[in-house]
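This is the structure, below, for whatever I ask next.
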Amino acid sequence: MLGTFKSLLTTMKLALKPPVTAEYPSIAPALAPRFMAHPVLTWDKEVPEPYCTGCLVCMRICPTDCIDVAMMDNPKYAEGDSTRRKIVEYFDLNVADCIMCGLCVEYCNFDAIIMSDNFDASQYARPNLMYDLDQLLEAGKEQEAKGRWSPPEAKKSQRRAAAQSSGTPAAGADASGEDRVAAARAKAAELRAQRAAERGEAPPAEVTTTAPEQASSDTPAVDPRVAAARAKAAELRAQRAAERGEAPPAAPTTATPEQTETPASEQASADAPAVDPRVAEARRKAAELRAQRAAERAAQEAANGESSDSESESDNSKPGTDAE
Amino acid sequence: MSLLDLITIAIVVFVLFNGILTAVLGVIWAERKTLARLQQRVGPSRTGPSGILQTAADAIKLMLKEDVRPGSVNIVIFYLAPLLIFTPIFMLWMVLPFGPDWVLSDLDIGLFYIIAILGLSVVGHVLAGWASNNKYALLGSARNAAQLISYELPLVFAVLAVGLLAQTATDRPFSLAGIVEAQGSVPYLIIMPLGFILFLVGALAETARIPFDIPHAEEEIVGGAFVEYSGIRWGVFFLTEYAGLATMAFLATILFLGGWTGPFSEQVPILQPFYLLVKMAGIILVVFWIRAPLPRLRIDQLMAFAWKIAIPASLLNLLVVATVVWVQHQNGWELWVTSVTISVVSIVLAAATGIYIQRRREQKLRQFRQRWAQ
Amino acid sequence: MVTDTGLSANIVRDPVTEQAELSINMGPQHPATHGVFRMVLTLDGERVVDVYPHIGYLHRGSERLAEGENFQQITTLFDRLDYVANFNNEWVYVRAVEKAMGVEVPARADYIRLILSELNRIASHLLFYGTYGLDTGAMNPVMLGFRDRERIQQIFEGVTGARMMHNYFRIGGVKEDLPDGFVPAVRALLDQLKVGYEEARGTLTESEIFIERTAGIGAIPAEDLLDYGVTGPLLRAAGIDYDIRKADPYSVYEELDFRVPTGQTGDCYDRYMVRMLEIEQSISIVAQALDKLPDGPFLGRVPRILRPPEGDVYVHGENPRGDLGVYLVSSGGTVQPYRLKIRGPSFCNLMALPAMIRGSYLADATVILGSMDIVLGEVDR
């Protein structure tokens, strides 16, 4: 009996305390400065362009493969406006898959990606959870406006080096000699694979005879099925080429040094799980997605019947090729 | 009976029925708010001021919901059961007086009427569980039948003791209005605390409230007899439960708390229903309060409590009241002598029961305390 | 046969003994099964004759997934194993990789991990307290438990940026240093927790109905528990003081003063009390660790690319639910483990469930299941 009364009394005392719950939608929760929702991309106001160079580090470290990135030559670099040789071509984030672990932010070498506080990112349809480059950059600007991020004074690599020399290493910046060798080796293998893949893909653009109408002028009449089939063929070829490139270090690999080396050197310190099949896999996936998108675009254009835009689009639609 | 009388009765019944339903919505809202406060929460706050329209919104939602009927139910009984549970509770209100004259039908045997009607609802529960063709529902209805039958006894004994007691002061001891008159300024809560406690326990069990909500123990048999019901049919069950709670609180007020009597209630008759409702709200709040921290008993413990403690205690209570009333009748005592005698004996008995329970628990508790001393 | 209620179909009648038994399905969608756990109970009236547990509804293949992930990425998988004790899970995993690679962890990182893990243990036990109160039918405990757990999670959010899926421990240390004002915030939190703990105790511990419901329920001999491989509070409630923090000390537990609460009979009440006393102990551990928290680096010198040498390691630690073990096989030179085996305490504890439930009442079944405090994320993996 007494225990029960004690229990009732304790409950009564609780009623005298103020409520601990908040009425959520009207009272926004106070988020910690480190709060992590899905990642967004940062914007370099000085240039202006994204910080992101499309180096694929985030894509590789992502545990759920929710990021899809591609790199392209930076036109502003050619004009001399920017110091970035490469720039992100597209960046797709599937927030439905994102687990908000923050690994992409941690491993990014360019301060290009940050975790947002956009915790109520619910949507009515799943496709709305696919964020593209523009949306992510917009969200990044919002984060900056909120004061959750500010442009860094020193580059991340410099900060890492400083932290390392002062004795408190930043996130895993240290690389022993052996590992650096291993990383370099891996990088070389990766480059070989990439080039092999490019070689594997380059011929079809010229050799393919099955679809002459597509060759360069690319009339709007491209059957999406044809495009899809082509993409698949290219993908298979790329895969095979990657396998070939893996086993014997393909001999002439000095074809286009500056194209690939710039990001690579910046990337070298990154923890690239540079196993060739994995890279090939990622590339293959990217190529596949791009091909898919090209097919979609082609289909859309076919539907629209617009021929003017299709030419510029068709350049992008070639699967897996960086503009050479 | 003229046509006008019939129309008047129809209007009164209509107003009463809807008034009760609205009041029940208020009770549900009050429970949510009270529980929220006892748990440091805010409670419903969106619909209307302080969320007072929340239950109304819920009721509307339930009405608009699809009425799903599982394929293998016994259709007739399945649809009949909610009515069989719903109707008795509202039949009770026929004899419940809001004031000396504020009553639909002042039956001379109102007490017996209530006892009889209370026993009806168990039929509805058993039928609902059986017709649902669901194992959880079957278990729930079996539990409900066992519990209602067991706890009806202490409840009825406590109520009968009230009738006996009222006999000393009124010539209509089994009419509810008569009982209120008999109490005068000293409510039976003071004269017969044991009876009040037993009545409250029985009422908790009858309305299946924590700690006696075994018939629809959510953590065990999900929802008991109502598992297969959806939409407004489920809403009817839910509403009935709270109507039952309100009814029981009303009865407790009439039988033990002096009903509508209070300061200046004689002079200002309009105060009478007000007093009644305030007292009723007090009892309902206590029930909410009990709900917050107490766990649920197990079925065997529930039965053991009924048959080993509640029923003997209520019988003893009845015996004491009957004896004292008889002795008074024989010796022609003053009324206050009777009252004081019963009061003393009842307090002693209540204390003895409490101590008995405490002793039994204390043994276990001591054992645990020793074990956890270090 | 739509109108036929066919109740006879519900009842399993033994043709020889004519004994009627009711087979009832509890879960995977049931208010009291703690996740997607399913029990098929055979009832004789209200008595449980037999119980068949079914698991696997939450199977995600964590162990297989780990074989395809980098060592850095696997931490995120461990967050999602026992999702109410994330830090404790992460810790065992990073310790496994550290042992495989021979990495030294800075003292500060060790203390940070310890503080967060013990806070997480409190949070986990508070959740147990709440759900257990709910299992017995009481409503207030769950709010009390969640109220204080929320306070702990706010601290976590300040440190890691996430309330549950932290991904904060790294091989060789932690992701980033503690934020400013962490120590005073945790001290204030501990004071709040003590107040909340007293309220929690007052609500359930001495309540007669609660004791009636839990005492003497679900107890099986300690030898049987050992045979089943039961660990954690379940085993300690039966009087065996097996706590890895004492039995096989890791990290800096040896430098801290705490005791291992044990029960006697191993019934549900003992399990409840063991967990409640562990909350007390954890509060004291965190307070001590805050006093001793050293300065220094929070991350050791770890290669950027993790390639443990060929070989295997087994590391275990005291999870709020018991002995969580990680068996890690590295084929050498790869950035992914060859095999990662998880010994989950909930899973192993669950083995004893049928023995505990058999012969009890239906209402006891949920109480016993609740007292085991299983987390399906880790049972099903």
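For this structure, a couple of remarks:
Each chain gets a letter, A, B and C, in the order it is written, and its residues are counted from 1.
Here is the rule we use: a contact is a pair of C-beta atoms (placed from the backbone, for glycine too) under 8 Å apart; a residue touches a chain by one contact, two chains touch by 3 or more.
Everything quoted here is computed from the prediction, not taken from an experiment.
Centrality by Cα centroid goes to chain C.
Across the two candidate interfaces, A-C and A-B, the one carrying more C-beta contacts is A-C. The mean-CA centres of subunit B and subunit C are about 42 angstrom from one another, to the nearest whole unit. The distance from the centre of subunit A to the centre of subunit C, with each centre set as the mean of the Cα atoms, comes to 36 Å. Computed from the mean C-alpha positions, the centre of subunit A lies at a distance of 65 Å from the centre of subunit B. In subunit A, the positions touching at least two other chains are 1-4, 7, 10-11, 14, 20.
In subunit C, the residues touching two or more other chains are 140, 144, 147, 203-204, 206-209, 211.
For subunit B, residues touching at least two other chains, in rising order: 38-41, 292-294, 357, 361, 365. The residues of subunit C lying in touch with subunit B in their complex are 1-7, 10, 22-25, 30-32, 43, 46, 133-141, 143-144, 147, 203-204, 206-213, 215, 263-264, 269-270, 273, 277, 361-366.
Listed in rising order, the residues of subunit A touching subunit C in the complex are 1-4, 6-7, 9-11, 13-14, 20, 31-36, 61, 63, 99-103, 106, 115, 167-176, 179, 182-183, 269-273, 275. Of all the residues in subunit A, the ones that touch subunit B in their complex are 1-4, 7-8, 10-12, 14-15, 17-21, 23. Those residues of subunit B lying in contact with subunit C across their complex are 35, 38-41, 71-75, 130-131, 133, 135-136, 138-139, 210-211, 213-214, 217-222, 291-301, 357, 361, 364-365, 368, 371-372. Interface of subunit B with subunit A (complex): residues 36-42, 45, 289-290, 292-294, 354, 357-358, 361, 365.
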